[in-house]
Amino acid sequence: MGQLLSQPLSPLNATLFTLGAVALLLVILGFVTYAILFERKVLGWVQLRHGPVRVGPWGMFQTVADILKLLVKEDTIPAQADKPLFKIAPIIAFVPSFAIVAVIPFTENLYFTDIGVALLYYLALTSITVIGILTGGWSSNNNYALLGAMRSAAQMISYEIPLILSVVGVILAAGSLNMIDIVEAQQNMWFIVPQILGFVIFLIASIAELNRVPFDLPEAESELVAGYFVEYSGFRWAFFMLAEYVYIFAMSSLTTVLFLGGWHPPFDFLGFIPGIVWFLLKFLLIVFFLFWVRATLPRIRIDQLMSLGWKVLLPLAIANIFLSALLKEVPWISQFY
Amino acid sequence: MPVSSYLALAAILFCIGLYGVLTKRNAVIVLFCIELMLNAVNINLVAFAKYGIGANVTGHIFSLFTITVAAAEVAVGIAILIALYRRRESVNVEDMNTLKR
Amino acid sequence: MEIEKFLLDYDWTVLAPELTILIAATLMSVVDLAMGGKADRRFVAWIGMAGVVVAGLFVINYMDREPYQILADTYRLDDFANVFKLIILAGTLLVLLVSQSVLKRSDIAYRGEFYYLLLTAALGGMMMASSADLITLYVGLELLSISSYILVGTRKHVLKSTEAAFKYVVLGATSSAFILYGMSFAYGLTGTTNLFEMQNGLTEAYNTGYAFFVLLSLVLMLVGIGFKISSAPFHMWAPDVYEGAPTPATTFLAVVSKAAAFALLIRIVLVGYSGLLNAMDQVWMERIGLFFVILAALSMIVGNTAALRQRNVKRMMAYSSIAQAGYILVPFAILGVGLFETVAFYLLAYVFMTVGAFAVIMHVNRMADTEDIRSFAGLYRRSPWTAAAMLVFVLSLAGIPLTGGFVGKFYIFFNAIAGQSFWLAGIMVVTTVISYFYYFEIVRQMFFRPPKDLDQWRLPAGVAAAVVIGVVGTVALGVMPQAVFDYLSQLQLTEVLMPAENQ
Amino acid sequence: MDGVIVLTLLTFSPLIGVLFLLFVDRGNERRLKAMGMMATLIPLVGALSLYANFQTGQEGVQFKEEVNWITFTAIGSMGQPIEFPITYSMGVDGLSMPLLVMTAIVTTLAAVASMYIKRNWKSYFIWLLILEVGLLGVFAARDLFLFFIFFEIVLVATFLLVGKWGYVHREQAANQFLIYNGIGSGVMLLAFISIWFIFGTMQYDELIERAVQLTEQLSTMPEMNWLVLGTFIAILVAFGIKLPFFPFHTWMLKVHVEAPPPVVMLHSGVMLKMGAYGLIRFGVELFPGYVTDLAFFIGVLGVVNILYGAVLAFVQTDLKRVIAYSSISHMGIILLGIAALNVTGLQGAVFQMVSHGFISALLFFFIAALTERTGTTLIPELGGLAKSAPVLCGIFLAAGMATLGLPGMSGFISEFLAFLGIFETQPVLGVLGVLGMILAALYMLRAVLGTTFGPAKGRWQSLKDTRPAEAVPMLVLLGFIILIGVYPAVLNDPLYVTLESIVARMGG
Amino acid sequence: MEYTNHYVVLAIFFLLAIALPIVAWTIGRLLRPSKPYEAKLLPYESGIDPYQQSWLQFNVRYYMFALLFVIFDVETVFLYPWAVAYDVLRSDIGLFILLEMGIFVFLLIIGLIYAWKKKVLEWI
């Protein structure tokens, strides 16, 4: 991919790029399909039940069936809704989720772009999704939807701050915003060790960003019916869900890249196993962790949610920055930075 | 010269923004238009930073500052607008007539 | 410039005034937070005043030094900056003094904020006075502007105040956009944001076929600055904002903001474009000078004539300040070497008389519970000393001899004559005569009209102090200006045009 | 007497009174009035002793003081530094000395006349004294700028006095006063600046020296001509408004009708003379050439003033207006005197200034006394006052006689001299002017007879005659009028040399 | 111009992301039924007929958080370049660079404390 990118642009190259992107899209769609299944399975196991079993062996085609069902479902738009906004909202929510995947390097050879500000790009685009959610909630002209959208916006912007600040420690250590550089900087030591505080903050914040339990207030079924997408049905609704799961993909990948050393093996002697495997392992670990958390923790109250974000995570994140900068001065520890 | 097209874009944006500030009745749109003007400046700065006479990174730095400050400015603007809205229940600029012209 | 010389090699003490203000503002905000909701916030104001005084002492200490530039030549200390900082600090001090004694919780819920926003705004003004770089200039400008927007809107429960604040935000931000747009061209033509490096660059650009853009950038900036100094035809915000803002904030706008905006004008136009100024007088006089002439003349005419039909004192003072801006613009149109002295002197006199006048206006409006000019009716009966003080301020604003306003105005007038701008000088005289009408309307109300009742209105201590300072300053500048003249002429104000040695 | 600051002391001596007044309770009418009057005695005594010490027959300035005050600097268009020094320079010469004394006298009497003031005595006297500072300063200043500053003090003080203590339409009067005089002082400032521009100095002495060379300079620099001419006209306008001459006179009528009596006394008696003084000082002294050129024009203005004032005085029903118009008429005589361009004419003009100062002060004192008693000044409503108030009416009659120029009174001397002068140079104007004198007799007699004689109207049967407090000042004024009438040397001695030197410089 | 390719890829991703929903909906339109009636088009309010628009004024609290977000988001605009260049700058001027950012962040923390004390961070 690296050579391809350094060649001058030609129709052939463009086609190859497009094909790569399509391939990745398909991979992601596949991931989403089975992530949902996996989630339901995990939930089932935790709750000592089986999860989906009927469609296909081991419930393999459950999600596929769900998707097909959604595809043929009637698509209603409330009469009072702001129709253009109502229609465009899922797109706004979905587009950034896929666009950010472009900057994630899977191995030292398998990546789609290698831009200098990759991390910034990632973080910047993520925050666009909230506009899609707000648009969706607003345009539905439904109290639950609006409330859910507002809550979601409040939550997402509140946790975005700790999220982006927690990453500064990594940037300090790596001295670059380029993801490949960041991974390379973890050759000797994954950042999860020196940046453990940052990692924890990042993990919590990313769960909140993903609107997942225990931070799933925006779509809290028991309170707000379904939050901002109450009025959505059919495939429009599907795209909100899709966006959410693509974000799981993206966020897990990012966690892997930033803190778990990307494609690097945990120990040098395991270097014979290809990088992609390591990457996938770490990635899946994170995904599993997310589902596990969902099954384990209760939903917290909204005031707790906001307090946690602003009063705990934000000061900690800022402290982490200066701690990291100071640790660079400590003789022995500084080698990890 | 590629810079001229950027400049033209910036000029158009700036003029649209100015037009909006002067004619729009919705206060929120007015604030948007101000943002538009400031962003026109950013385009200018970044374009000059790349293609200007003696192009250098200063333009980027400048635009960073512009973005920051513009954010603060509009934040204050909206805060004031909200205070106004709570008393007046309207964001129509023409309703702001307590102060005689 | 090597990076090693970036930070620690500079004499950081030159930033002492700014840092003092910054620390004071921070301290004030923390103290304000620590105080209970019901506590008296005067203490906060006193911290602020102490900070301003200390900063002022630092500034005085740095007077008359060689120009010195720090932070990669973006920040600069010279006598010009010091003089303007002193003016700004003096204005801020007086405004603080007044507001600590008149601000009531019922009127402004957030008094602590009010006090330290004054300080941050002053900090912005000081940055503007001291900048040698477009970026710092801009940041200073916005620090001042944004703080002022909030100051204007602090009377949250008063519709007028919030409306005024919103108008101010919109027009202020628009003018910032104009300034920035102009700055972006200046940067694009020279590749630098440093004012001194721009000098040559702009001349070169002018000569190599970019004349249009050079002038465009200047005109855009002038339009923006025209807004900030509230000169006609960009003045429409001033009356509304002056009326709507709480009077201490109005005072601040009229005095400090304006002084700072003039510093900005001098920094950008005279320093940045001085290449044009020196190399081709023709261009300057024909194109830019004309612009200034129009601005100055229009401001004087519009300000003075529109003030005639105002019945609200604050609106009247707004138009008056537009007119005053016109007077101060006259030296720019002439562009004599006496520009710095005249502008500095006028602004100094302006600080005293305007703060004093607004202090009285504030008191009177508060007691009468109206801003109508009739609130002054019979002030002489109510409190003769206040009326006498107001008479001094009004006479000074009108330009009657033995007051600072007169000397300042005459100084400008004389320079206009010496620069052979007879037209402007003529307009100055004519509009000054016109201004008598509305200035004397206050006198008429105070002395001729009977008061509604015979309540005695005692000035609160802080206001009284500010008024006394105002009177003393105004009269001293009117009777013995020579000392100030000598001091100003001994300062190296024109060094503002030259880069510092230490770069 | 060099190095002594007598003039400064004299000029600012009224402030002593202000200082004392500040400590008096504002409700204490008697004490305030007494103190106010006493305060005016200080400058009076000062002025009289100054007059006694004045070396008559000596050319030039006496009691001179000079201190550098403010220096405005600018850089000219050629890069040359231009300095604009304002000196605090005081002094008196033959022209200003009599006026100074007259000012002090009239002010004292005006202070006496302040017994008719009904309210706010404290501030009234403070402002009156400040006004006196201005008036004295105007005549004592020897620097254009200083003159201007004192002039403005007069403006502000008069504005307040008229607007606060005047009659019903006092505010309008004050406003009109402000408008006209504001414009006047604006023009004056412009004129002064250009005088400075032409001569390069603001000090009278240097100005006079350089004025002599001006004609030669102008011949070398013809382009300066316009500037000089413009300046001269500006001077003419600035002081013409103050004087006032014909098209600019409406404000003065208003002030005369509406202002409180003491202020009118000062206004008519002294302030109008500031205009005349300015005309002679800056018009005649500095631009002798132009005065010569424009003498006819000035004379015409004078004649217009005389006739216009006289005719309109004739048709007025209000006594105040009659006197106001007569003032306009008399100011015309001053213009004629100036237009004569000879010593006699100028003598006439200055005599007229002083004499009219006393006469109109007296007349307005009378008016004040009359208004106090009758509440009206309309001639048709009055009549037959002589029966009940013989002394009062006798004084009025005397003042009227003085106005129309009865020999033996100051009016005669001044008018005689002025017309003598003008007949020498411009006989036609002289003839027309004398016509005005005949009219003066008509309107004055009409006014006097209409009010004092004839059938007494019932209402005025029991009119009180003058109290001593009124009679004494009136008689003092009358005394001065007669003194000048029978012994003009008292005025002429200091004046003559100065005027001679002025005329000599005019080349006449 | 070697970095153009990277942005071309990004553009492709964008286009693809936009194309996917459009394609999906177009397919869906062919497959799905469409039988709207009034009750179906009402907003869902747990069975109660909505009696007003839901576009109302909402709590200003949301705006407070938005403001705070802007402040700290903008802070990162300066933090990121600083963090990237930290090593380079530190080798030149030492810990001063840390102090500098410390002052900057300190002022922002004052802002946070301000919001905290003013109970802006409490969600009622």
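Each chain gets a letter, A, B, C, D and E, in the order it is written, and its residues are counted from 1.
Following the convention adopted for this analysis, a contact is a pair of C-beta atoms (placed from the backbone, for glycine too) under 8 Å apart; a residue touches a chain by one contact, two chains touch by 3 or more.
Labels paired with UniProt names: A = NADH-quinone oxidoreductase subunit H; B = NADH-quinone oxidoreductase subunit K; C = NADH-quinone oxidoreductase subunit N; D = NADH-quinone oxidoreductase subunit M; E = NADH-quinone oxidoreductase subunit A.
Note that the structure is predicted; figures quoted are calculated from it, not measured.
For the pair chain A and chain B, chains touching both partners: E. Two chains share more touching C-beta pairs than any other pair, namely A-E.
Chain C has the Cα centre that lies closest to the mean of all protein Cα atoms in view. Distance between Cα centroids is largest for the pairing of chain D with A. One finds 64 Å separating the Cα centroids of chain B and chain D. Put simply, the C-alpha centre of chain A and that of chain D have 94 angstrom between them. We define each chain's centre as the mean of its Cα atoms; on that basis chain B and chain C are separated by 25 Å. Inter-chain centre distance (chain B to chain E, centres taken as mean C-alpha positions): 20 Å. Within chain B, residues 72 each touch two or more of the remaining chains.
The multi-chain contact residues of chain E, meaning those touching 2 or more other chains, are 73. By the document's touch criterion, interfaces exist between A-E, B-C, B-E, C-D, C-E. By the touch criterion given at the top, residues 1-10, 12-14, 16-18, 20-22, 24-25, 27-29, 31-36, 38, 40-46, 50, 53-55, 58, 62, 65-66, 68-69, 72-73, 76, 79-80, 83-84, 86-88, 90, 95, 98, 101-102, 105, 109, 112, 115-116, 121-124 of chain E touch chain A in their complex. Those residues of chain C that touch chain B in the complex are listed here as 134-135, 138-139, 142, 145-146, 149-150, 153, 156-157, 159-160, 162-167, 169-170, 172-174, 176-177, 180-181, 183-185, 187-193, 201, 205, 239-240, 243-244.
Contact residues on chain E toward chain B in their complex (touch as defined above): 57, 60, 63, 67, 70-71, 73-74, 77-78, 81. Of all the residues in chain A, the ones that touch chain E in their complex are 4-9, 13-14, 17-18, 20-22, 25, 71-81, 90-91, 94-99, 101-103, 112-115, 120-121, 138, 140-146, 150, 153-154, 157-158, 160-161, 164-165, 168, 171-172, 175-177, 225, 230-231, 234-236, 238-239, 302-303, 305-307, 310-311, 314-315, 318, 321-322, 325-326, 328-329. Looking at the complex, you find that chain C touches chain D at residues 336-338, 341, 380, 384, 395, 400-402, 407, 410-411, 413-415, 417-420, 425-426, 429-430, 432-433, 436-437, 440, 443-444, 447-448, 481-482, 485, 489.
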